[in-house]
Amino acid sequence: MNTNKKNEAIFLISTQDRKGILAEVSGFFSKNNFNVIKSQTYSDLIDGQYFMRIRIDLSDMQITCKKFEEDFAELAEKLKLNYTIHYTSNVQKMAIMVSKTSHCLYDLLMHHSEGELDCEIPLIISNHPDLEVVADRFRIPYYCFPVNGANKAEQEAQILDLLKKHHIDLVVMARYMQVLSDNFISNYPNKIINIHHAFLPAFQGGNPYQRAWERGVKMIGATAHYATKDLDEGPIIEQDVERINHENTPEELRAIGKDIERRVLTRAVTEHLEHRIILSGLRTIVFSR
Amino acid sequence: MNTNKKNEAIFLISTQDRKGILAEVSGFFSKNNFNVIKSQTYSDLIDGQYFMRIRIDLSDMQITCKKFEEDFAELAEKLKLNYTIHYTSNVQKMAIMVSKTSHCLYDLLMHHSEGELDCEIPLIISNHPDLEVVADRFRIPYYCFPVNGANKAEQEAQILDLLKKHHIDLVVMARYMQVLSDNFISNYPNKIINIHHAFLPAFQGGNPYQRAWERGVKMIGATAHYATKDLDEGPIIEQDVERINHENTPEELRAIGKDIERRVLTRAVTEHLEHRIILSGLRTIVFSR
Amino acid sequence: MNTNKKNEAIFLISTQDRKGILAEVSGFFSKNNFNVIKSQTYSDLIDGQYFMRIRIDLSDMQITCKKFEEDFAELAEKLKLNYTIHYTSNVQKMAIMVSKTSHCLYDLLMHHSEGELDCEIPLIISNHPDLEVVADRFRIPYYCFPVNGANKAEQEAQILDLLKKHHIDLVVMARYMQVLSDNFISNYPNKIINIHHAFLPAFQGGNPYQRAWERGVKMIGATAHYATKDLDEGPIIEQDVERINHENTPEELRAIGKDIERRVLTRAVTEHLEHRIILSGLRTIVFSR
Amino acid sequence: MNTNKKNEAIFLISTQDRKGILAEVSGFFSKNNFNVIKSQTYSDLIDGQYFMRIRIDLSDMQITCKKFEEDFAELAEKLKLNYTIHYTSNVQKMAIMVSKTSHCLYDLLMHHSEGELDCEIPLIISNHPDLEVVADRFRIPYYCFPVNGANKAEQEAQILDLLKKHHIDLVVMARYMQVLSDNFISNYPNKIINIHHAFLPAFQGGNPYQRAWERGVKMIGATAHYATKDLDEGPIIEQDVERINHENTPEELRAIGKDIERRVLTRAVTEHLEHRIILSGLRTIVFSR
C-alpha cells in the first residue's frame, strides 16, 4: 500500500476538546492554501480529548518546510496543541529483533519486499545465530548478541549503539524472547512494537498456547502492542483471533497462532509506519487508512 | 444504542471536493457557537466528491431551528452543498413488510423492544396472514394484502395509502417475497431497505442457498440494500458471511443463513435510522457510529 | 434447525483410547442392523481418551428401546464405555433464569418461537419482576424470587423445587445476576449454562466492558460455559468476538456486546439441546451439527 | 504443521452410502491390527455417498505395503470402494506457476521454508522473467516460458515435459495470468490449484477489485479452486473475505485482497498436501486437520 509514496506531511495532533477546535485548525490549512488530502478527527468525550490526523499534499508548496513549521508552531502554541509532523519523503528506518522463531520475521520481510511496508530495514538483531540465513536471503545485515545472565546490560548497550548509529525510528520485536530493560525501552518510547502470542489480557506471560488448550478456549489470538516496562501491559495496537476446536492439540494451536501473529504484527507495523497511531494513555487511537 | 436520544441535529452533506471546504463548513458551526459533538468526513478522490456528517448538540441552542436552517441554507447555496438535516427529536416511523418467514421480523421487533432501534413501528404489512401472531405479541397493527396476478397494482395502491397516512419514513422488507413495482419504489426513493439472502452479487435471484450448496461455496452470506427498480441491484448497505463446510445441507445453510440475514438487516436499519448513510451513485457511504 | 425432529437415538460415548474401539462399537450397530445416520469420533491423543457421537434412526426399529439399551449396556460393560443415550422423541425441558436485562432472553425466545431450539420452556425464573412483560408476550409462566442477603438459601430451595416439579433438563442463566450456591449447582451438574460478557479468561468478574475499554483492547467477546462452583471457571462451550475501535465508548461496547452475548448463548444452548457436547475435564468436545 | 512427518498411510475413500459400511471398513483395520490414528467420515444423505479419511500409523507394521495394499484392494472390490492411498514418507513434489505478481509466491515459499508445507518445490515456472529474483532468494530453479498468441501450445508442451520430468504431483497457479488449455489441465486432473481474486461466484473473470468497488460491496474475498476447463468454475477448496468500507479505493482493495489471496491459497495447498480433500462432483469434502 504505497499510498504514502507521494510528497506529503502528516500531522498527528492531540489537545483538550472544546468548541471550534476543528474550525481553527482546518482554517489554518485553508488560509495558507494547503491541500488537505484527508482529515480525520476523534473526539474522546470521556477524557475530554480531541485528536486529529491531517494529511497535506506538499507537491505544490510555495513555502519552505521551515516556514511552514514555524507558522504551525505559532498556531499550536495558541491552541495548546500537542503534535508531531511526519514527512513521507523521510523514509523511516526499522530494526527487527528476533530470537529463533522466523515466521514473523519472514512475514515482515516478505511484505517489505513487495513494497507494502514504507521503510528501510538496515539491520536485524538477534540473541541467536539461527536466523542469519533468513536475513541473508533478503540481503539484510544480521547482528548477533547472545545474552546470558551476566552480559545482558552490556549487550543491550551495544544494541543501543547500533540502533543509534543507524538512526533507527522503529524497533520491532518479532518474537524476540528477551525482556528488554527499562533503560532500553526508555530510549525508544512508543517506538518499540512487540507481538504477544495470545489475546491480551488473557494468557499474559509464558506458554499461552498450552494454557489456552488447558482452559479449553474456542478461539485463540495474538496482540501487537507498544513495549513498556511492564511486560505485556503496553498500549494495544492490533489484535486478531481465529476459531479453534476440541480436536486442535497445543502443537496445532501454535501452528494456527503463527498465522495470527504474522498478520497482527505486520498490520500494527504498517499502521505505525503510516503515522496512523496516536497514544491516549494506555489506549491507542488508530485511524483508518 | 440510544446515542441519539439526546436533542441533536445531524447534517448529511455532499458536495464537490475542493480546498477549504472543511474549514468553511466547520467555521460556520464555530462562528455560530454550535456545539459539534462529532464531525466525520470522507473525500472520494476518484469521483471528486466530499461527504460530511456533523452531529450538533441542540440542548443549549439560543436560536430557533427555523433561523438556524435559514442560515445554513445560505451557506449551502454559496458552497453548493447538497444536504439534509435530521432532528433526533423527530422520532422516525418505520413500516415492516413480511410474507411468511418470521426470523427477520422477530429480530427487528426484539431490537426495537430493547430500545436499540430509534423509531416507532406503527404497522406491519404482509401479503399473507401467517405472521399476525408475531405482530400481536408485540402489539403492533398487522395489515394483510394478499397479492395475486390480477390485484397487485390495486393492493400496492392501498399499501401506499396506508404508508402515507402513517407518515412512514422508512419501509423495511423483512423477507417480503413480492417484487415491488417501480411506481411503488419511486414513492420511497432510498427509503426502502431489502434483505437478500446471499452475498451479492453472487446468487442474485431465487433459491440462493440451494445454489450455494450446489456450487460448493465455503461461506454463505446476506446483503441488505436499498430497493431500486432493478431487483437485487440497489446500493448495498451491509453484508456479512459465515463459514460453512461440506457437511451442511441446503436446509442447514438456510438455518445458518437466517442468523446472518437477521443481523445484516438489523444493522442496515440501525445505520439508516441513525442517519449514518449517504448515497454516492450505487455506492453507500456508511459512517461509523 | 429441526434436524432432530425425527425419531432418533443419540449416543454420547467416552472411553480410554485403544486399537479397534471404533470397529467394536460400529460393529455392534451394524450387527444389530441399526441405521447409523451419523457417526462422529474424536481421539484425544494427549489424554488418551476416545469420544464418539452416534445418531441412530429408530424409525424402523424391530426391538424395544429397553432391549436395545440392555444390549448396549452389555457392550459398554465389556468395553468400559461411559455413555448416555438421548431420544429425540423425549422433548427436553429448559428453564431460563434472568434478572433485569432482556436481550439474551428475547433471543432465546425468538429462536424457540421459530422452532430453532428443540425444547419446551415451561418457565422463566427471575429475581426481579421487570421481565414478566417479555414472558407474557411469549405466553410463558414467569416466577419471581427476589433475593436479598438473608433469604438466598430459602429462595434457591424454592427455585429448585420448581425446577424439579417441572422436570427441567437444562437451566440457562440468560444474564441472571446472582451467584448460584454450590448446592444449587450440584443439583444440575453440567446442566446449567451461563453467559459471561467477556472473552474468558480475559476480564473475569464484574464490569468487563468498562475494563475492556480502559485496557484499550481491539476486540470484545462473550463466553458461554457450564456453571461450576468457581465463578467464570466452568467448561467453555462457545465464544465469539467482534472488532471494535477507539471511537467506541464503554456504553457502545455494552451495546455491541449484547449481540455477541445473544448469539454465543443461543449457539451454546443449541449445541447442548442437540446432544453435541461431551465433557473432558475442563474442556468441551463440541461435535459439529 | 508437520503432523504428517510420521510414517503414516492415509486412505481417502468414497462409496455409496449404506448400512454397516463404517463397521466393515473399520473392522478391516482392526482385524489386521493396524493402528488407526484418526478416522473421519461424512455421509452425504442428499447424494447418497459416503466418504472416509483414515490415518494409519505404519511405524509398527509387520507386513509390507504391497501385502497391505493387496488386502485392502480385496476389501475395496467387495465393498465397491473408490479409494486412494497416500504415504507420508513419499514427499510430494509441487510446482508453482507465476506471472509478475509475487505475493502468493512469497507466501508459499515462506510457509515452505518454515516447514509448514510438507512437500518439495523443485521448480517455479513463469511466463515472465520478473520473479526470478524471488526464486533465487529461496534457491529454487526458475524457468521462463514467455507466451504469445503463436507459441502457446508449444510452450505448454515444454512446461508439461518439465513437470513430468520432475515427477510433479501438484501444480499451484499462484497468480499465473495465462489460461491453461484443456489438454494441459487434463494431464493433472484435480492436481492444479488456482487462486481467484474474488469471492466466487461473484466477480468471475477479470478485474474483480475494480468491479467490487463499482458495485459497492462491503466485503471482498478470494477463492482457491481446482482448475478445470471452465475458467473460475472448478471445485472450490477455500474462501475467505475481509470487511472493507467506503473509504477504500480500488487500489486499496487490491492491497487488502493480497493478504486474503495469500492465506486462502496457502490453506488450500496445505489441505491438498495433507490429503484432506475428496471431490464429490463440483463440491469438495475438506476434512479438518
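Should a chain be cited, it is by its letter among A, B, C and D, assigned in written order, with residues numbered from 1 in that chain.
The rule is simple: contacts are C-beta pairs under 8 Å (C-beta built on N, C-alpha and C of every residue); 3 or more make two chains touch, one makes a residue touch a chain.
Note that the structure is predicted; figures quoted are calculated from it, not measured.
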item	value
Pair sharing more residue contacts (C-beta pairs) when A-B is set against B-D	B-D
Chain whose average C-alpha position is farthest from chain A's own	C
Intercentroid distance (Cα basis), chain D paired with chain B, Å	42
Chain A and chain B, separation of their C-alpha mean positions in angstrom	38
Multi-partner residues of chain A (each touching 2 or more other chains)	45, 245, 247
Interface residues, chain D side, partner chain A - complex	1, 3, 102-103, 106-107, 110, 113-114, 116, 134, 137-138, 245, 247-248, 251-252, 255, 258-259, 263, 288-289
Chain D residues touching chain B - in the complex, by the definition given at the top	42, 45-46, 199-203, 213-219, 221, 235-241, 245-247, 249-250, 280, 282-286
Of all residues in chain D, those that touch chain C in their complex	19-20, 22-24, 26-27, 29-31, 33-41, 43, 45
